[in-house]
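These notes concern the structure reproduced below.
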Amino acid sequence: MAFRFRQKFKRSSAVWTAAALLAISACSGGEESETAAISEDAVKVGILQSLTGTMAISEITVKNATELAIEQINDNGGVLGREIVAVVEDGASEPATFAQKAQKLIEDEEVATVFGGWTSASRKAMLPVFERTQNLLWYPVQFEGNECSPNIMYSGAQPNQQILPALGWAEEEGYESYFLVGSDYVFPRTANLILKKHLEDRGLELAGEAYVPLGGTDFSGVISRIRSADPDIIFNTLNGDSNVAFFKQMQAAGMPPSELPVMSFSIGEQEAQAMGTELVEGSYATWNYFQSMPDEANQSFVGAYQEAYGEDAAITDPMVHGYLNVYAWKAAVEKAGSFDPAEVREAARDLGGIPTPMGEVNFAPNGSLVQTAYVGKLGSDGQFEIVSDSGTPIDPQPYDPLAFPDQSCEV
Amino acid sequence: MDAALLLNQLFNGISVASIYLLAALGLALSFGLMRVINMAHGEMLMLGGYLAYLTLIWVPGAPGILLAIPVAFVGAAAMGALIQLSLIRRLMNRPLDTLLATWGVSLILQQAARDIFGAIGVEVRAPDWLNDSLQFGAVVIPSARLFIILVTILVLGALALLIRRTRIGLTVRAVNQDRMMAGATGIDAGRVDLVVFALGTGIAGLAGVVLALLGPVTPSVGQSYIVPAFLVVIMGGLGSVLGTTVAALLLGLFSALAQTVVDVSAAQMLLLLFVIIFIQVRPQGVISIRSRALDE
Amino acid sequence: MSGPLLLAVDGITVDFDGFKALDTFSMTLDKGETRVVIGPNGAGKSTLCDAIIGRVRPAAGRVLFRGEDLTGLSEQAIVERGICRKFQAPGILAGITARENVALAARRDRSWWQAFGKGIPAEEQASVDAVLERVGLADRAEVKAGELAHGEKQWLEIGMVLATGAELVLLDEPTAGMGPAETSRTAELIRDLGDTRSVIVIDHDMSFVEQLAAPVTVMHQGRFLKQGSVEAVRADPEVISVYLGHSA
Amino acid sequence: MSDAVTSQVPAADGDRAWRRRAMALLPWLLLALGAAAPFYLSGYNLSLLGRFMAFGILAMGIVLIWGHGGILSLGQGVFFGIGAYAMAMHMKLAAAGDGQLPDFMMWSGREALPWWWEPFASPVFAILAVFLLPALLAALFSWLVFYRRVSGVYFALITQALALAFATLLISRQDVTGGFNGLTNFPSLFGLSLADQTVRDGLYWTTLALAALGYAGLRWLLATRFGNLLRAARDAENRIRFLGYNPVPFKVVAFAIAGMLAGVGGALFTMHAGNISPALVGVVPSIEMVIWAAVGGRYSLAGALVAAVALNILRDSVSSAFPELWLYLIGLVFILTVTLLPNGVAGLARRVSRR
């Protein structure tokens, strides 16, 4: 047995480390922004997405689409005659980092507005920063609603623009028994809460509900339960890699999408192609945009994106929302005649139609986008064939009246 | 609760236990021998998975899967040998430091995988006979899971043969029992460490192949199985293959049966609780080899 | 010179996976007695110490100290009853001074809430000094224990064992690694102990054993073999065959 | 340097004495520099420094248990999280107002406040909980494990499982914990608006004061017999057992103190950052906390405090400029510190200054 005490530290060690620290902090503290936020010929905006971590793969595409829009606008003379300068920051798939970087963009970089966020967690973490600084965030992803901050423009679908139209379609198709599978986080749980209320209201059957931890890949228990429950259709709010494991294990258990239909809310073109279309072919998804949409505006957007980021690049709904957010901001700035966030967000609330790859859209007074929902069926080429749509654009409802009767949006 | 669900979960428990066991065996072997835990062990699973993916690009179909098994074994073993030689050997007798250093390796390997293969998982396409399922009344057994159990039994058998019947096994047992004495009789304990470590990481690579039959291969695939594997090692007792096997079965079945009552997240919580209660009863693990060696 | 019965080891068996380190071993020790336990390697001498101080749990048998059964008590409880052991390799705390080592052992109240103070409490100072004096380390008291010479470390650990106030002291190879001069000083120290304490010494250095001039118990393969004076044991043919024969 | 050693002896002695005096002054200088930070740092940088200093408080606890107690915990995020959530629950209730449910409970379908939320409405209870809850849970958990003499690598792995289970539990009980989103959006603290810069300055000074207090307290603790016995339990657990000590309570108390420091760090972090989520308490952040102490020097309180701040500043700047590089960098830091600098920067500094 060798019993040795380590020597206790002399004070000197503390001093040296402290000196090293001071040197480091002095260096990084000195990073002052060189250009003023709104100079004579440029305006700074922030792009805040996860460039690392689990969400990076999805969020980088939104960052790309946002940058594409900025580039196009700059090529056509900028906004109010000024060039847009984008400051990109990494949210690192971590809510606290999003909040920290949002503060950095607004207070240190003094950006006029910020485009970014993907997960609800990141948006929730950034919200107080935007409210405190009275800046404006443009959020591009469908989400669970239950929020309407005056300092956020929500262009992604509210539950009544994605989940409920999907339920409407399934009901029309004659599906009566529903099994809800989701990753264990806010969107699936809230979406399913709303779905359950509507199932009950419409006299449809809830066959079961199961959650796996985010990133979880073991579905053995869930699949046993699905088999016991024997539903007509599965409503799937799983996220990311869990989807591959789920579809794979469903197939191995003899229940591929062709036998037991699956309606997914987090599988877009990119995810489907990365997973391998063989697994998910024949499954359904509901979005406000599909790459296969035939309009000319969409074709030219897809062309421009693929020219910039690769011919095979898949285009998804959140990317288009990220892209249109920049154009909406531009339109609002021009309408307000100012870059001031308070005036811009006033102006943004009724722009009277902005042309986008998904057609003309408009922001409702509650700060969310009025948009049409489409149901697509995934083909073997990794593209969705649109099988149904909501017909007219749907007004956004942040609070579902059935699930949250006492809530309303006051902006 | 209906009987079919219960039976299905029993089978699932065994299949999950097989994965835990494949992931934990290497950890347990090197822990018994060197008292170190390799935090990058999960990344050996990941490496095995990606090697299977690459092998199947090169040789598709059933021969590909069969070829992937030795390829992943050798690839992961080689990576393990590299880690052992460059890092673990230098940190001999500093088990806690080894934990931290190998965690660093794990971070680097994960990021490297992300840079090489992308953050989205790649899919290893199993041949059709592995995508089927067998049905016995209400019990449905996916053949992929059956295959995994089979592979695990083969690995266990081979390992038992290796340890009990071969000269390598003899030297391993000797070093396991008394490192100093084994050294005195001319056994190169350093070499035994290397071989066992490489063998252990090789088995993890193999586990990566069978995991790829169930889900995507992602840069973080190892992380989702490594914590249960650690729990198996804790429960199993010092370096005992039998103890590790029993512990894996206990944990696999516990987790599968818990899932019939609560959801997956709560089952994870219960699993830890189960292990903490277990060590109250048997702190030395399922199987304990009492030896005269001085502790510490 | 010995008084009433202090320790009775009653037929204990310690089993390591089928290997019996102790096999129905028995011995007794009187108050104030010094006893030497010898035996070839693997005879079970250290295991005997382990069993007495509660480091291993015997599969069968009892250890009685002042008539109380110790088996099943925690290590601390056994120390509290008055038994302390010096290990083969010096078990000292290398990072603190010799005095602090002894002071740690000399603490009367060893609960954690009594530890939030610095230095040595005044009432324990005298006993710490006395112990240091006794083991001949008084002028080395302020040296870091790790920097002491090997023999000094052995004495320091003996001092720590004494400082606990133990009535029964187990010394496991106290002269390991010592030269002849140090060995005889150690023997002298142990002989002195006989006045106030009961001592069990384990060793196989016969010259040291002779210097102790105490009764000897011989162990072989975990069993009791012989007991008697050094001379008697040395002359015993059975002992010669198992013990001296081995080492020759 | 080494030439002409003989002729320099007196000079070197004088030099050393001077240096010792300078060394004694420097921590005070550092404290003064820290205290003046609100006057020379921007609001954003000040809030960064505040939250990193909160990490530093936690890192000093790791020095106590890991450096001096030999207990490697890969689950300090749990105690950080308990402190953070305790404070966040209070701020959330304050934001919701009397009798109102916090927003996330409402949209998770909950109709009433769970009973164990209710006491957190009281600021006094919340502050007590920040200090005591992590300490009590750390004590209970570590006692269960140490009492059965499970330690070392086993303990490290069990704490890691604890971190995983804790994060999973937080995520899965969205209706009462805020789930994956965590808790966020706290406009005020004890009735003071957090948008107000003077409140934020005050918060920073509180953090600095608590860090200084933690440093001083731990320095004292490590110099007592308790410190000696803790190190003895690390190096020679059996020896002190056979001297009649029970090492378990020493380890448990140290672990509880480290848990408390982690909890205080968590609460301060939450106040600075304005949010807390499971992403900050799970397996990965928990192990990263250990590297702060490792880089600073596992035996050095000041080293850990300083390294926690410095590494996070580094992370902030590196991850802005080269996001992908950060993981490689931190991985390398893990490997290199452990193999080449086991005593961290503080150990290196000591070697240099000894010369």
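Quick notes on this structure:
By written order: A, B, C and D. Residues from 1 in each chain.
Assume contacts are C-beta pairs under 8 Å (C-beta built on N, C-alpha and C of every residue); 3 or more make two chains touch, one makes a residue touch a chain.
What you are looking at is a predicted structure, and each value in this text was computed from that prediction instead of being measured.
Summarising the inter-chain contacts, the pair of chains with the most C-beta pairs in contact is A-D. With respect to subunit A, maximal separation of chain centres occurs for C (centres as means of Cα atoms). Closest to the protein's overall CA centre, chain by chain, comes D. Averaging Cα coordinates per chain places subunit C and subunit D 44 Å apart. Centre to centre, using the average C-alpha position, subunit A and subunit B are separated by 36 Å.
Separation between the centroids of subunit A and subunit D, computed from CA atoms only, is 33 Å.
Shared interface positions of subunit B, defined as residues touching 2 or more other chains, are 263, 265, 268, 296.
Counting only residues that touch two or more partner chains, subunit D has 168, 171-172, 231-232, 235-236, 238-239, 324, 327. In subunit C, 87, 91-96 are the positions where the chain touches two or more neighbouring chains simultaneously. By the touch criterion given at the top, residues 66, 70, 72, 74, 144-145, 148-150, 152-154, 156-158, 160-162, 164-165, 168-169, 171-172, 237-238, 283, 287, 290-291, 294, 324, 327-328, 330-335, 337-339, 342 of subunit D touch subunit B in their complex. Interface residues of subunit A facing subunit B in the complex, by the touch rule stated above, are 1, 54, 56-57, 184, 210-213, 215-218, 220-222, 224-225, 227-228, 240-241, 244-245, 248-249, 251-254, 271, 274-276, 278-279. Touching subunit D in their complex are the following residues of subunit C: 53, 55, 74-76, 79-80, 84-85, 87, 91-96, 100, 104-105, 107, 110-112, 115-118, 160, 164. The part of subunit D that touches subunit A in the complex is made up of residues 19, 22-24, 26-27, 30, 33, 41-45, 47-49, 51, 67, 103-104, 106-109, 168, 171-172, 174, 179-182, 184-187, 194-195, 222, 231-232, 235-236, 238-239, 273-277, 279-280, 296-297, 299-303, 306-307, 309-310, 313-314, 316-317, 319-320, 323-324, 326-327, 345-350, 352-353.
Contact residues on subunit B toward subunit A in their complex (touch as defined above): 2, 4-5, 8-9, 12, 15-16, 118-121, 123, 125-126, 130-133, 135, 140, 142-145, 211, 213-216, 218, 220-221, 224, 256, 259-260, 263-265, 267-268, 294, 296.
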